[in-house]
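As structure tokens, here come the structures.
In the two assemblies presented below, subunit A is common to both, partnered first by subunit B and then by subunit C.
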Partner chain A sequence: MSAVAEKADTKDQPVKQVKKPEASSAEGTKKLSGKELKELKKLEKAAKRAASKEASGITPEEQKQIAEQKKQKAKEAAAAAAAAAQAHATNTNLKKQLNQTLIKDKAAQKKIPALFSHLETREQRNASSPSISHIVHPEILTLTLKYSTYKIVGSMPRLTAMMKAFKIVIRDYETPANTTLTRNLTGHLSHQIEYLKSARPLSISMGNAIRWLKQEISVISIDTSDEMAKEILCEKINDFIREKIELSDQLIIQYASKHITEGSTILTFGHSQVLEELFKYCAREQGKKFNLIIVDSRPLFEGKKLLHNLIDTTIGDDTYGQVPITKDHIRVQYTLVYSLSSTILEDVDCIFVGAAAMLSNGRLYSRVGTGLIAMMAHSRNIPVLTCCESIKFSDKVQLDSVTTNELADSDDLAQDQDLKKPPQKKSFALEQFLKAKKEAASDETNNNNSTNTNKNKQQQQKQKQQQQQKDEENKADEEPDVPLKDWRTTPNLNILNIMYDLTPPEYINKVVTELGALPPSSVPVILREYKNT
Partner chain B sequence: MSSFNITEAYLKFLEDDPDLTMPIAAIESLVTMLRVKQPSTSSELINLVKSNIEVLKSSISNAISLSAGCDLFMRFVLRNTNLYSDWESCKKNLVENGELFVQRAKESRFKSAEFGIPFIKDDDTILVHSFSRVVYQLLLLSKKEKMIRFRVIVTESRPTGKGYHMAKLLQEAGIPVELIVDNAVGFVLHKVDKILVGAEGVAESGGIINHIGSYQIGCLAKANNKPFYVATESHKFVRLFPLSPNDLPEEINKLIASQVPSESNTDVALNTPLIDFTPHEYITALITDLGVLTPSAVSEELIKMWYD
Partner chain C sequence: MSVTPEILSLVDPTVAQLKRRQIEGTKDIALSISQLLMRVISTARWTNPYDLIKIIRKVGTILISAQPKEVVVGNVVRRVLALIRDEIETEATSSSTTASASKDTPMMSSMFSLLSTNNNDSNSEIHHQSKKQSSDLRSIIIQGIRDLIDEISNVNEGIESMSVDLIHDNEILLTPTPSSSTVLQFLIKARAKRKFTVLVTENYPNDIARARKFVKTLAENKIETVLIPDSATFAVMSRVGKVIIGSNSVFANGGCLTNSGVANVVECAKEHKTPVFAVAGLYKLSPLYPFNREDLIEVGNSGKVLNYDDHKLIDNVEVITNPLYDYVPPEHIDIYLTNVGGFAPSFIYRIVLDNYKTEDTNLE
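Up next is the complex of A and B:
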């Protein structure tokens, strides 16, 4: 019953809102909170549009004008529609208009090769991010910041962190009046996810996990008390982390460790959580001695992280003292992908690469550079193995790494080597906050200016001067002479910094999953057999 | 009761019935072991099966297909102990189903052979490597029942010389046979229409573990664009995934190597492996009792077998 009613609401609402926005919002608070949410969503959308426009260079004034025009148009249209009782057509028409303006603006602004122009840049992601930070849980805000600064990187760490954050979100969640947890929590989570996406797009494993969680929420009986339901969900998330991540990794390590034999030479690329554990396991638990070549790449230098973590891992007992595993057990060689030439690959027995996703046509979607290494290994008949939890399996089919990919910040590439600082990024929420603060401040000064005495003015001038000085100092600090400093304004200069690439199945010998080792051609079998369970 | 020896039972089964393959003999001896030992709890049962499998695997050389049978039975036991709440009925069921299992496995050879008949045509020249019961059954069936006229070239299959056995059997069946040394495979290949081999075990990737020399024949077949068929039974699917022809469990190859009779008239001892692994890309199709499979379908069957 109520579902039908809601549907009817959605149909009517656009018209209603244009006609009498105050009335509908007032109504919303009184009545259904589902409606409230819809309102929120609408506001978000509006904010998104505004933000994206701003990002594409339209000033707030212009925007206001446009908005005014649109409102008028919409009003006229709505009036006409109401008269003709054709609310639907106008609604879609309006949307179309909006979309058209959006696309044009975007195309003018992009600074990446045209082939990749369909991918979302960081600016666009931020622009399209809803200004809903007031309903986003602090835990998610923190997580978003960690994602965007690559503090948490790699498919599995990201997934684990997200699930843990969701647990806290669920624990702190309170069902609004007149609705149930089963129906409302999914929406609440969607807001969090929406915000999370402003840092980086969701990975395949995160998408799979979110789908699972929403399914779990929806099957909770409506009679369950909120406390109980939250308890159940948290328990389920715990089980999920244990089963799909921790235990899976253990099994994968067991299977994969057979390929690391005493005295063999293993090559790995970048950093993968499960591979790090694998190397540690082989050295500490099995006492194997082997050579490890860590191949790394710009700009993330994830291999350094692996190296660091391996050096930090110790072996031995307290009586004889702890020594790092890299001392006696793993002889590490660290190199960049560019030097991956003849001599390095000469005596490699086996190559282990991580995975971001396994696609159903057997292709491996992984950190950019993996394909290159796999092909190189194939030409030398070196087996390439990938360790991939089944949560990363996707039923998607992709033939190239252009259609779907992730654009990282071009600044990461433009930055110079001499600049020792790691890529600095502000969180979107922080940017918003700063902007709001600035606006408030300027408003205040304006007000003060009109009413205050000379004395105050002088003070303000002094302050301003100080501020300017400070700004200049900061500028000098921030911008040394970097060759690509002006890449944003240089015409015809595009920078491409993509995150992933696709490795064809011919170049992968084995996929090690917690269900056993498989050839890449068997990925669809796993998907088929396990989709139902 | 305690004097039951699994290895002896296994060898006796093989001796009594020369047609019996190793995995079936293994399963049969395990079922017999259960009947004799009468374990009283499920954990005792599982431990018993486990320890016996271990004994069997370590004492028998060339344990690839044997381990396939053992693993299959182990899985069968684990699944069934969970299925029944009542211990007595569970035990009874296990023994009964075990026998049924053996029965079915025995029939699978004939099924495989039947699926393979359409592959043999009049005027074919077929290259056969080593001795395989399924291949023999398939050729016999084509000759006797379908009256297909074809020629067979059999390799000598050193160092075991199993090819002589195969050639003899085929000759007795009235099939024209030619015996060649292993080194002559390349020489005869261009007039061969198809290649037919058996398998000790089928790995997860769809590659096969077979008598030494299969890999080189596979490579030659690929280079000459000749179809390379493998006739085998589905209970020989093993949960192994070698990466290269010599990437086989060490214990297995060691036991085999020591078995080879050394040539007395040379100073250098002959030390050769007896089995190798042929990767899936060299195999055209697998003729099994489940039907004709592409190599990639093997892992599908294995996954179904192990995780349904």
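Up next is the complex of A and C:
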């Protein structure tokens, strides 16, 4: 997040440099201290903000005036700067300072073990996106937020949500003058996708779907009217969701339900959309009674989500009342990964795991922990099945979990020692908004004292200090006793929170897809067939 | 012979402490048991050293029943018994100068004596010891226990010295037992000579607080430390050079009992052909065999697995268990590092024979 601020700072830099000589000329020979520099920066930001607000035409006139004043000031400053020698001593100093802070911040951010330092952190992702945020559709903004807070998690729910959002984006899209929809919409969508990536990297299925969508856009003839084209695209997306997700899942469930027999014991890991539907189907439609062991892991606790959803599913008729399927049909045992090796695996008949992607060398890319479970099942001769829609198939090859992976926020592991809830992350956008609000407020007070004497300045500083103290106190209140609170500043200490791991094909007995059940070695076959159609 | 009230009054506080689990950590338990036995020996009244053995065995059964799943208690009792028996033997050989002395101590493990009758019991009645001798014996035994206490409290030193030979520069190690102080000392000692990275699993939920303390201590000692969730062990195992585990107790077959979650990790290591070291003080070696594994594993508060606040989930879940220990089979461990050297798991039974007498394996 601080990376965003950095970016803004670097953008401000030239203007600030320009500003300096003006200020120094105003205050005589006295050189500027760090605090005064900061104030200048703030003024600059306020000016920018006011300018942008002015452009959107929301602001009251007061602010407009201030903004205009600022603009004038900036102009004057520019003139003064032109007069001043470019290689001013203080100028270079300022640059140096800025550079130093940049590096320092980066060092603090790059808290990843050397083994995984090639992977992109959340901060880096955030830093790469905000420059285009103004053309991002609000629907995509909300979706990004939901992704980053793990409100929507799992590759299928993510894919479905994305396609639905794209439908709205396309519906609201208007072709600018001098271009055609076929040419411009792809670019417009790319910007949305860029922004979406700032929350979490695209999953394989999302990548496949986007490729498909772009293909569909490109084949629309130039002669079709925009309205028609949008209609066609929305219809196609609807078909895609029906065909590739909903109907596929139904087929997979039908194939896979044969493996759940009356009285058998099934083990599953985390949460998978299609598996959840499978268990519900077996209990509700087929009336099977079976034991389900849900293995869960930190920090996301997706198994609890599965459990919740199963409990919310009821069975029975209205005369006798609705009963959750977990009461009569599914006997649930809930465990965490650590206790697997004890007696749990002894009477498991079959293991179902979800998938994020099926790679073309037969390896399964899935939530971290799947590999461990598949390995343990393999050594105990328990069959491992994975349910995977063909949209998740990828022609990528990968050999281990280290080279390609997704880094989640390490803070998720540093906190909530006693709370067994999924991490409640503060949303990025909300924080930005609050910050902006606060700054705006403080800037206003600054502006009121535009004819500031030294006394006023001192008072302001005092106020600021008080505010800072208050802020710190608030922070202390919010975070109770987190033992690894300061892990970022502790040298040699890292926390690794990866999202996925890779299960070798020899641990997987069967891959159930909508095209039938097959061994992992047949993944490239499906890919070839799929591409041909 | 029954235990006198004086001795019972000595034993009771420790029994209570064991029952309430007020003594934490195998090392502290071993130390307090050996100190208790020292007090018992100095207060107990006996003329025949075999009476003393009977008393200690009685006290031993009382202590073991206080916390039956803590193997170390029995280990210490057996070590002390072996000590007494050794003393009696040396006494016997030195006092009786006749040729029959060599016959008195038959080679139990030898094939030659398979058919000969064992006349140990008659032995005990032959040797009527004078008062002076018994007080001598008492002081010798107490000195022996003092040595045992020294050995237990300095257990890390012997293990630490091997660390440099086993770790190479820039190696990545993984430890799934963040509660083990022996592992901690081992790594810190190795850091003096080598530069390496340690991955530490969280062992959620039972050890997470200790894991956090552990990684902090390691980082403070300039060791590159990475905390990983338990589920990530398979993902990183291909990059790990060695796995180091601590143990609660080591059985005669070479298997060991450690923190829950370790069995996953070592199985994973086995699958990746990553060497596994187990560190264990000599006092953790037990002459018992893990015949029934379910009996060995203690279960803890299941509220840690699924919080009781989640009444909706609790209502609908049939079983939740929270095992506190894991049994690691000998084939998953490559080497045991003890304070008397490194041994393959298949050789542990020999070390056990050196330190315990077979007569004491069953105390009842």
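Here, the second predicted complex is superposed on the first by the 371 of 533 C-alpha atoms of A that agree within 3 Å, B and C clash if a C-alpha of one lies under 4 Å from a C-alpha of the other, contacts with A are read in each partner's own complex, and residues count from 1 in each chain.
Basically, a contact is a pair of C-beta atoms (placed from the backbone, for glycine too) under 8 Å apart; a residue touches a chain by one contact, two chains touch by 3 or more.
Just so it is clear, the structure is predicted and the values come from calculations on it, not from any experiment.
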So, on subunit A, is it clash or fit between subunit B and subunit C? fit
Just subunit B (first), just subunit C (second), both, or neither: which does A:326 touch? second
Have a look at where A:259 lands relative to subunit B and subunit C in the superposition and call it first, second, both or neither. first
One more residue to check, A:234. First (subunit B), second (subunit C), both or neither? neither
After lining up the shared chain so the two structures overlap, which partner does A:115 touch, if you call subunit B first and subunit C second: first, second, both or neither? second
Touching A:515 in the superposition: subunit B (first), subunit C (second), both, neither? first
Given the touch rule stated above, what does A:168 touch, subunit B (first), subunit C (second), both, or neither? neither
In the overlay, work out which of subunit B or subunit C sits against more residues of subunit A. C
When the two structures are overlaid on chain A, which partner does A:298 contact: first (subunit B), second (subunit C), both, or neither? second
After superposing the two complexes, find the smallest distance in angstrom between C-alpha atoms of subunit B and C-alpha atoms of subunit C. 19
Does any part of subunit A touch subunit B in one structure and subunit C in the other, and if so which residues? none
Using the touch definition from the top, list the residues of subunit B that touch subunit A in their complex. 204-206, 239, 241, 243-244, 280, 296, 299-300, 302-304, 306-308
List of subunit A residues in touch with subunit C within their complex: 113-115, 291, 297-299, 304, 307-308, 310-311, 324, 326-327, 331-344, 367-369, 371-372, 375-376, 379, 400-402, 405, 413, 417, 419-420, 483-484, 490-498, 500-502
Please give the residue numbers of subunit A that touch subunit B in the complex, ascending. 259, 350, 383, 385, 509-510, 515-519, 521-522, 525-526, 529
Any idea which subunit C residues touch subunit A in the complex? 172, 197, 199, 202-206, 208-209, 212-213, 215-216, 218-219, 222-236, 238-239, 260-261, 263-264, 267-268, 271, 294, 297, 305-307, 310, 312-313, 316-323, 326
